[in-house]
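Next come two complexes, and both contain subunit A; in the first it sits with subunit B, in the second with subunit C.
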Partner chain A sequence: MPKTLYEKIFDSHIIATRNQSHLLYVDRHFLHEVTSPQAFDGLRLNKRQVRRPDLTIATVDHNIPTTDRSLPMVDKVSSIQINTLENNCKYFGIKLFGMNSPDQGIVHVIGPQLGITLPGTTIVCGDSHTSTHGAFGTLAFGIGTSEVEHVLATQTIWMQKSKSFKITISGKQKPAITAKDIILFIIRSIGTSGGAGTVVEYSGDVVINFSMAQRMTMCNMSIEAGARAGIVAPDQKTFDYLRDKKYIPHNYDALIDYWKSYLYSDPNAKFDKKIDIEISNISPQVSWGTNPSMVSDINSKIPFPEQYSESDHNRLEVENALKYMGLKPGTPINEITIDRVFIGSCTNSRLEDLIEVSKIVKGRKVFPTVKAIIVPGSQLVKKQAETLGLHKIFKDANFEWRESGCSMCLGMNNDFLLPGERCASTSNRNFEGRQGVGGRTHLVSPIMAAAAALKGHLVDVRELM
Partner chain B sequence: MKNFKFVRSIITPLDKINVDTDQIVPKQFLKLVTKTGFGKYLFYNWRFNLHGDKKPNFVLNKSLYRNSKILVSRDNFGCGSSREHAVWAIIDYGFEVVIATSFADIFYDNCFQNGLLPIQLNGEIINKLMKFESYVKVNLPQQIIEFGSERVKFVIDVEKKQNLMSGLDNIAFTMKYEDKISEYENISNVPSIL
Partner chain C sequence: MISRVIAYKSNNIDTDSIIPGKYLKLHEYEELAKHAMEGLDPNFSNKTKDCSFIIAGHNFGCGSSREHAPIALSFSGIKIILALSFARIFYRNAIDGAFIIPVEIDQNTYDGINDGDELNIDIQNNKIKNLTTSKTYSTKPFSYLIKKIIDAGGIFKLDM
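Right after this comes the complex of A and B.
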């Protein structure tokens, strides 16, 4: 029977089945400091070991400082969490890319960049944006801390099969329209629960033409549409990207042959749900509300709550969102002034993102009232960017150039918004308080964030190109 | 984990859609390395103002609901981050059941790992529940909710139900599959990382 790519990977990892639940083997398990301490505690309490430390890696990313790392940490509570992870990794024999490692970075940036993320594998991590790794034809999804403990102990996880959802993206990708704009447009179209209960396969010419960085941005935000995972069939671009990476297996060529013969949805495979998205005429996208489906074109106006139906609570939600965001219906979006700019996060902090930003920023200055930071996704991204001289362009323009980490995407470290501050951000969530209590987030692409930093308000980046 | 069977309580109506895990337990409280003590941070930014004073209009701050064990909300409850802290906070606060029109996938799975019963019901029933001010009975063995003259059957996966009712240690259960896991590892062609 023809199968989807998701079904192929899922089925090939089934160890046992009970009723609707399948015991799946986990090929790679990624850990970070925030969602792992309670899992390790559980192991110790029950005198259990980590079954496969050789399939497990850890890094610190969520609450580490992005300022000078040679200085002692100011935040003692975060410091405890980081020390706890270091001790746990030492105790259980797990490879840690710690605060001073040249391979440290956001877990979803370093997995691919070190060649640990591989096509056809299953990857789990106690973080919802694990969906990022799906860009490599990987079945990758976020799990809770109890499941982290379960995977540490057994290298397996009980799962029910999700429904399959095919999103075909076609049209001509115009300049300034990035993968971020396209995924925001998709979430705007299908809603924050439009992908609930499904694993999304992204396909079509636009996705085939995407770089690996763009595929990662797209898969990363699958969770924002409620999907457990996003996936793209691997191709030559995937195999070439991974080839020279540090931890790539010795039998890489043999693996490629196998992947080529197997890792695609069969022509007649049945998807539970399908939609087509045409992107030829879309504009740069900006979020104006408090969830990632509250998104509009940059050159449009803040919507009126009356445009939304009353019955399903949407109108009320929009009213509340606009109140929180301090926005009046009918305001042109490109007239909204901003206080802060954040370029970073597992969605948009890769070298390619920074190169595109540098093209906009070069020779210009950040608007005087705006505080703008650029946080590379990993130490390697930072090093590569500096080799290209990008840091000079950023610093000359008055951007702060930071150390790698999750930073102001969730504001667990000292990078956060103050109450009422408004931020153009390349991250993935605009929930109330996400970037700081009372902070107001506008989700945009990296080049749109750069343009906003230069102009002091949200603006169509095409005016600067 | 205790054995879950019956709950009788008034409900706390949280009449919102898309309640995300950043609201359930804001990120500034994710730095604990334990599973307990999160209840005081539940819905923190909705319960307290910037000075730490209670906001009187928020439903959890109304004395009527102080001992409620059943939280009722709407579509897409628990969306966003995978943080299990959200479930720990709900339980630590004193809730044993969350009823909603739909749940986000990871949150839903996390509930069962901690003895919290998530129940999905249609919008019509939720509308009635939101307004119901007396005791609601939840019967997990029979999968029934009773309130007033209503008797509503709910759906739950048989495995998940058994796990809740027996308070089973999932890891010990999976370890019974040791032979099969080893067998799989022997035929798998996925290389070690290092």
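Right after this comes the complex of A and C.
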């Protein structure tokens, strides 16, 4: 029977089945400091070991400072959480890319760049944006701390099969239209529950032409549409990207042959749901509300709540969102002034993102009232960017150039918005309080964030190109 | 189980509203609970004195994988959440550690239950009786796996 890519990976990892529930083998388990401490406590309490420490990889990213790391940490509570992970990794024999490791970074940036993320494998992590790794033809999804403990102890997880959802993206990708704009456009189109209960396979010419960084950006935000995971069939681009990475297996060429013969949806595979998305005529996208489906074109106006009925975001939700965001219906989006800019996060902090940003920023200055930070996704990204001299371009323009981490995406460390501050952000969530109590987030692409930083207001980046 | 219900009749109540990121450093569950629903409802901790249920719209618990979200609600005294639908990770987090029972309801049930109503929720038989209005509703049955986890009291006691 023809199978989808998702079914092939899922089925090949089933250990046992009971009444349509499956015990699935986990190939790689990523850990970070925030969702792991209670899981390790549980192991110790029950006198259990880590089943496969060699398949478990840890890093610190959520609450580490992005400022000078040679200084002692100011935040003692965060410091304890980081020390706890270090101690746990030492105790259980798990490889840790710690705060001073050259391989430290956001977990969803370092997995691929180290070649730990591989096609056809299953990856779990106590983090919802684990869907990022789907860009490599990997079945990757976020889990909670109890499941983290379960995987640590058994290297398995009980789950039910999801439905399959094919999104075919076609059209001509114009300059300035990034993977971020396209995924925001998709979430705007299908809503925050549009992918609920499904694993999304992204396909079509646009996806085939995407770089690996763009595929990661797109798969990253699958969770924002309610999907369990996002996935892209691996191709030559995938195999080339991973080839020279640090932890790539020795039998890589044999693996590629196997992957090529197997890792795709069969021509007649049945998807539970399918949609086509045409992107030839879309504009840069900007979120104006408090969930990632509340998105419009940059050159449009803040919507009137009366436009909405009982759909995904009903009228009351739009009213509440605009109240929180301090926005009046009918305001042109490109007139909205901003206070802060955040370029970073597991969605958009890879070298390619920073190169594109540098092209916009070069020779210009950040608007005087705006405080703008660039947080590379990993220490390796930072080093590569500095080799290209990008940090000079950023610093000359008055951007702050930081150390790698999750930073202002979720405001756990000292990078957060103050009440009422408005931010153009390349992150993935615009929930109330996400970037700081009372903070107001506008989700945009990296080049749109850069343009906003230079102009002091949301603006169509094409005006600067 | 009989108690009163707190109504948050909107969709997409996210994990940052349930427990903001800055509290994820806290290790003690009681401490987390003090900040539950902080952004959404400053009065939440008062309400949980005599309410053990929440009713909400679609996609409850969307966003982060933080298990801190059901933990914060559970240690605030919430036992059951009724919602039109749940975000998947929150749903599993709620039951994996036996923190909260997430119950899916239909639109008719949603419309028939209001803030402060006293409910008798019968998990085993998928029934809700609204004692305030004397109306009875059916809830959506759990899947085999979910029911097994709930009955076992979490994934560590699961016997498949």
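What to note about this one:
Throughout what follows, the second predicted complex is superposed on the first by the 461 of 465 C-alpha atoms of A that agree within 3 Å, B and C clash if a C-alpha of one lies under 4 Å from a C-alpha of the other, contacts with A are read in each partner's own complex, and residues count from 1 in each chain.
Just so we're on the same page, contacts are C-beta pairs under 8 Å (C-beta built on N, C-alpha and C of every residue); 3 or more make two chains touch, one makes a residue touch a chain.
Computed from a predicted structure; not experimentally measured.
In the superposition on chain A, contact is made by A:Arg18 with both subunit B and subunit C. Applying the stated contact rule after C-alpha superposition, one finds that A:Ser78 touches each of subunit B and subunit C.
Look at A:Ile57: by the touch rule set out above, it reaches subunit B but stays clear of subunit C. In the superposed model, A:Ile116 makes contact with subunit B only, not with subunit C.
When subunit B and subunit C are set side by side, the one touching more residues of subunit A is B. In the superposition on chain A, A:Arg28 makes contact with subunit B only, while subunit C stays out of contact range.
Contact with subunit B, but none with subunit C, is seen for A:Asn251 once the two complexes are overlaid on the shared chain. Residues 16, 18-21, 23, 34-35, 37-38, 46, 62-63, 77-78, 80-81, 126-128, 142-147, 149-150, 158, 160, 192-193, 196-197, 226, 228, 291, 312-314, 317, 410-412, 429, 431-434, 437 of subunit A touch subunit B in one complex and subunit C in the other.
Note for the complex: subunit A touches subunit B at residues 15-16, 18-21, 23, 25, 27-28, 34-35, 37-38, 41, 46, 48, 54-57, 62-63, 77-78, 80-81, 84, 95, 116, 118, 121, 126-128, 141-147, 149-150, 153-156, 158, 160, 162, 192-193, 196-197, 223, 226, 228, 247, 249-251, 255, 258, 291, 312-314, 317, 410-412, 419, 429, 431-434, 437-438. Only residues 10-12, 14-17, 20-22, 24-27, 39-40, 58-59, 62-67, 85, 87-89, 92-93, 96-97, 143-145, 148-149, 154-156, 158, 160 of subunit C touch subunit A when the two sit together in their complex. Residues of subunit B that touch subunit A in their complex: 15-18, 20, 22-23, 26-28, 30-31, 33-35, 45, 50, 74-76, 79-85, 87, 102, 104-106, 109-110, 113-114, 123, 157-159, 169-171, 174-175, 177, 180-181, 184-185, 188-194.
Residues 16, 18-21, 23, 34-35, 37-38, 42, 46, 62-63, 75, 77-78, 80-81, 126-128, 130, 142-147, 149-150, 158-160, 192-193, 196-197, 226, 228, 291, 312-314, 316-317, 320, 410-412, 416, 429, 431-434, 437 of subunit A are the ones touching subunit C in the complex.
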